[in-house]
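Structure below; questions to follow.
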Amino acid sequence: MGFLDIKNVTKSYGAVEVLHRVDISVQEGEFLVLVGPSGCGKSTLLNMIAGLEGISSGTISIDERVMNGVHPSKRNIAMVFQSYALYPNMTVGQNMTFGLEMHGVPKPEREAALKDVAKLLQIENLLDRKPGQLSGGQRQRVAMGRALVRQPDVFLFDEPLSNLDAKLRVDMRTEIKKLHDKLKTTIVYVTHDQIEAMTLSTRIAVMYQGYVQQLGTPKEIYDTPANVYVATFMGSPAMNVLPVRVVMRDGVPHAAVRAQDGAEQYLRFSQSNLAAWDGREILLGVRPEAITDPDGADRNSANIVPLSNRIGVTEPAGADTFVTMELGGRDVIARMRADANVVSGQDFTFAVNMEKAVAFDPASEERIAP
Amino acid sequence: MAVADQDTAVRTGLVTRVFIYGILLVFAAFYLLPLFVMLTNSLKPLPEITGGNMMALPDTWTFEPWRQAWSSAQIGVEPTGLKPYFMNSILMVVPAVAISTMIGALNGYVLTKWSFRGDKIIFGLLLFSCFIPFQIVLIPMASVLGKLGMAGSIPGLVLVHVVYGIGFSTLYYRNYYAVFPTELVRAAMIDGAGFFRIFWRILLPVSGPITVVCVIWQFTNIWNDFLFGASFGGQTQPMTVALNNLVQSSTGVKEYNVHFAGAILAALPTLLVYIVAGRYFVRGLMAGSVKG
Amino acid sequence: MAHLAKADFRTRLQEWLPKLVLSPSIAAMLVFVYGFILYTLYLSFTDSRMLPSYDWVGVENYVKLWGLRAWWTAVINLGIFAGLYITICTAIGLTLAILLDQKIRGEGTLRPIYLYPMALSFIVTGTAWKWIMDPGIGIEHTMHLWGWESFQFNWIKDREMAIYTVVIAAVWQTSGFVMSMFLAGLRGIDNEILKAAQIDGASNWSLYRRIVIPLLRPAFLSAFVILAHLAVKSYDLIIALTGGGPGRATELPATFMYSYTFTRNSMGIGAASAVIMLMTIAAIMTPYLYAELKEKK
Amino acid sequence: MRGYLGRKAAAIAALMATTSMAQAAEVEVLHWWTAGGEAAALNVLKEKLEGQGIGWVDMPVAGGGGEAAMTTLRARVTAGDPPTAVQMLGFDIQDWAAEGALGNLDAIASEEGWDAVVPAALQRFSKYDGHWIAAPVNVHSTNWVWANKAVLDELGIAQPTTWDEFIAAMETVKESGKTPLAHGGQAWQEATILDGVVLSVGGVDFYNKAFVELDPEALGSDRMKEVFDRMATLRGFVDDNFSGRDWNLASAMVINGEAAFQIMGDWAKGEFLNAGKVPGEDFLCFRVPGSDGAVSFNSDQFAMFGVSSDEAKDAQSTMAGDIMSPEFQIAFNTVKGSVPARTDVAKDDFDACGQKGMDDLAAANESGKLVGSIGHGHANRAAVKNAIYDVVTAHFNGEYDSATAVEELVNAVESAM
């Protein structure tokens, strides 16, 4: 029994079911991120937790209280919206204490709470301004302040950083993380940005087409994605997924794959259970950072395999250089050290860390190994 | 001053600008012509009107027609002028505008922020109701008012105007609120504000521009109405009916100067509303009502 | 909604409040608009004369109606009137809006001048217009006094031309309003689009023709709907200006309906003409409503 | 919110209804005599009633010769709240009586012997099914010609006595450059001319046959064509700027000497008197040449609507009695230009034209030459009247030639019946 329990929850509009049997149990103090592309149902789920949308079936409970049919204001939650939703006609101070006022909190207490939160967020000097006079980052802080003042059981964030510019976004991300570390309040956070999901969360639910594709810690999601969708959605650049044939060599399963010149090369798997797939096609998933120049290979790995191929495009990104090559008929990205000697059009021998490789069933696209 | 900052102007030479000002002034003259005719002739004694040029300024300036129209012209059997009817109009217009605007605002709020199945159809039906010709509702309306016991009274007139004003006021507010971020409503819900509190504290404070448009529209329509006033006004006939009585004497001397003075008097409140609130009008229209 | 039963009272109240708030309007609309429309429809099939009667006569009233010369005149007049009125109002409104948008000094004074006719009913301005149009005392007379002897403006006395004087007065009343709608539209256009177009080398003319005017489409649509319904409902205007004359040359369906219903004691025929008018309005409005309602969601 | 308001208003209305019933002694009068002398004339009645302890609640609605008032009346009756007394013309009274909406004035009528003093042609409208339902206020007659004496004298024209003389006189005026016939192009004004012209062409018999009995043969006859020919001739004597002109502006043309004649009802006299003109000296009044002896009339009457309480009935009948009283008839009609609706009133207070009008009325009443005006709804019901308007005004404006007008007239009358 978690603190926030989502049990068997579905959502339908008329005959169309847009959210299918979601089960998530969130412990107190957890930071759950719902991530997925637009239209995946993550905002709908958040709105259902908030009580802004009805629940078609199943239950949502907070602190063992079933919340179905309970008015949003009675759930003891607070929400930060994508557009911040600051009331344009009220000052910052009025915005932040509106909720307390609505809940009948006496003025002195409201003032005290406002003072504390304003100090925490360093927005004391903004309290008398109207939202229209604030910068994006300031609005964002005010929106968070408004949520904090309420001291809710659960914080809900609906893509709160998507309207900020890149640098501010990173700063605010850190700030939210700090805030969570300090306050230890349960947070449900919706985003389409997988980096936000990875950096902020204690657990991630990856959603797609109304299903929770995978629920797990960031590391679980990243290293052992449940299916091809999760694998390609999480991580940037995305995980390389290419069709390979399993062949047994020396009693060990290998992935047979054609390089650009058509020559077949063999990459040894670390997972022996793939022997069952001998002779059949599977999908091989390798993250870019697992294909490197030999010097950059992970020294702790027990299974580094060489791979010769012609270099396509090189993209220096400062810290690393990304190389695109053609492998198994797909474009595959490799991540080299910045000073690796790679030249477009030349042949090169890459080092593939097959310990980190993931295999998927080509039909169901579910993970079959590890 | 978002309006002034907008810049759809193109760069133009001096000749073009003179030309532009020329056209604008010609049209200004066109729009002012009837008012000019009414005003100058209301300040002339009667013989000067019947004998002279419509456009000419008065030789003898007189305010007598205005005084007569206001307080001593024959409207019914008694020479009361338009004065007593002015109050009838005010008593009718103020509540009718206030109520229809308020209902329109609430309707717009419900239709955009609390949408439910079938709300579009309801809005469509409401909108279509703006376009009903009033002549056809006269008889059935009379019968309904009679049954309600409200025939020939100001509450009856207010009811009629509210009923046929709701369509437009709902249209204005709906279009305005449609572009108002729904997230604000949701935030307020989570903050614990109820249906009316959200409306009162969150939406209404920012509804100024559209309220100006709606009030102007309703005020002029209701103030200028003659048909309902004559049919359902009873003892409390509005000013337009009185003006009509003044102007439309079937057999008798036509005192045109008094007629014109009366006409301007009857139009004064609406003119005032346009001049005072007119500059917010474009802004209000901008803020929603011309959106497809 | 199975869980609604468990919802607390306040939440349930909140669920119902919006519909509750809307319901008086819906009820009023159903009775006072659609009820009355149905009632009129019914009357159009009865032999009602001075007061409503309930003796069914089938489509007789419609047959009579379409056999009446005056009705045909009214319908044709409406065609001429509405066509010209809508076109000219839109043209003038758009022109004035564009000109007024050129950073004009005194815009604040000009705008209310253009707009004020909307504030006045024709009960107020009818006499003035009659005078202005009248060749004996109006513009023509004035021009003669000012020495332009050959000037002629006697349309209001001319059966063929009288309907055009009605157009002039109607345009006078509403073109300023249309202007403000277009002005609002112009002011709502994103500046960057215009800058982009100017960088692309668009001339002033093509800037407006190719970029600005197409962007004003919503304003055009709103203007059209408002003008169209005003045209169909035009009544005061005719009564004040021409009284339907000379002869019955400027009769419009609205005046026709009124006179048959109320002064000619032929309520059945009046109702039939009202039904036709409503159908016309519906034919104009339905596509607009459909587009309007389709758009969102 | 509205429901509450509605209930409250209903409660107040009910309250007011009961209190006003307790006072009872008041009459609500719907009329369209709203401005100038006629309204002041009506005030005489009001004061008289107030002297008898009966309050007057004024309900004036002007416009279109009573059209607006009739619309209001319909709304009031539909709402179940009719006024006590309503100014009404001709067949409207009969139509409302047929709807069963009117009260009964038999008591006061027999007490004061109305049957004997009111011309029979008027009783045709004041009585329904043998019962008095309305009190006539006046008799207007429409076949009058008003002429500027100075203009006629200057041009050496004598008062014309035959149609041909009339035409010749107008020819003379035309040659002098003045407008022979002042006229305002409104349907009812053209129909007013028609009254006189029909009488001049075919006399009372033809008038009755064609326009009262609506005999298709008479309507389609050659005589009718002659009527339209004469109308066309008259059109030729009207200036080009006539369309839409108010009748009183046409009168002003005669007063100012811009025009010589105007064919108009006797209400036009007020305009002349108001301009300080004296009948017989400055202006002449005579019957449309060729229609002498006949009088086409219209009569304003106060139709009494059904009221429930006895007090209200008493007040209503007192009002009817006051209307019919010679004092009021004189007071009102001297101002209005019309003549009293009873034939036994002293003529002393009336001017030359008024006295002639009274004589004509009495004579026509005797000889059966008193006919209801076509143009003012005293010959036929509204639908027919307006159908005739349509044809006459279309012809007058040159839309039809006389032959077509005759055809159209037959059709229009037939389809309006």
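Each chain gets a letter, A, B, C and D, in the order it is written, and its residues are counted from 1.
The rule is short, and it goes like this: contacts are C-beta pairs under 8 Å (C-beta built on N, C-alpha and C of every residue); 3 or more make two chains touch, one makes a residue touch a chain.
Here the structure is a predicted model, which is why all the values come from computation and not from measurement.
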{"item": "Intersection of the contact lists for subunit A and subunit D", "value": "B, C"}
{"item": "Steps needed, at minimum, to go from subunit B to subunit C via contacts", "value": "1"}
{"item": "Which two chains share the largest set of C-beta contact pairs", "value": "B-C"}
{"item": "Between subunit B and subunit A, distance of the C-alpha-averaged centres to the nearest whole Å", "value": "56"}
{"item": "Geometric centre distance via CA averages, subunit D-subunit C, whole Å", "value": "37"}
{"item": "Residue numbers of subunit A (touch at least two other chains)", "value": "71, 74"}
{"item": "Sites on subunit B at which at least two other chains make contact", "value": "138-139, 141, 162, 244, 247"}
{"item": "Two or more partner chains touched - positions in subunit D", "value": "1-2, 64, 71, 74, 78"}
{"item": "Each pair of chains that touches, named by its two labels", "value": "A-B, A-C, B-C, B-D, C-D"}
{"item": "Parts of subunit D lying in touch with subunit C, wherever the complex brings them together", "value": "1-3, 64, 67, 70-71, 74, 77-78, 95-96, 99, 185-187, 240-245, 381-383, 386, 390, 393-394, 396-399, 415"}
{"item": "Contact footprint of subunit B on subunit C as seen in their complex", "value": "10, 14, 17-19, 21-22, 24-26, 28-29, 31-37, 39-40, 51-52, 92, 95-96, 99-104, 108, 110-121, 123-125, 127-129, 131-132, 137-138, 141-142, 145, 172, 176, 180-181, 183-189, 191, 194, 204, 207-208, 212, 217-219, 221-222, 229, 232-233, 235-236, 254, 257-258, 261-262, 267, 271, 274, 277-278, 281-282, 285, 289, 291-293, 295-296"}
{"item": "In the complex with subunit D, residue positions of subunit C that touch it", "value": "24, 28, 49-52, 64, 67-70, 130, 134-136, 154, 156-157, 159, 162, 239, 242-243, 245-249, 259, 262-266"}
{"item": "Residue numbers on subunit B that touch subunit A, as the complex places them", "value": "181, 183-184, 186-193, 197, 201-202, 205-206"}
{"item": "Subunit B-touching residues of subunit D, taken from the complex the two chains share", "value": "1-2, 5-6, 8-10, 12-14, 28-29, 31-40, 42-43, 45-46, 56-66, 68, 71-72, 74-76, 78-81, 246, 248-249, 252, 267, 270-271, 274, 336-337"}
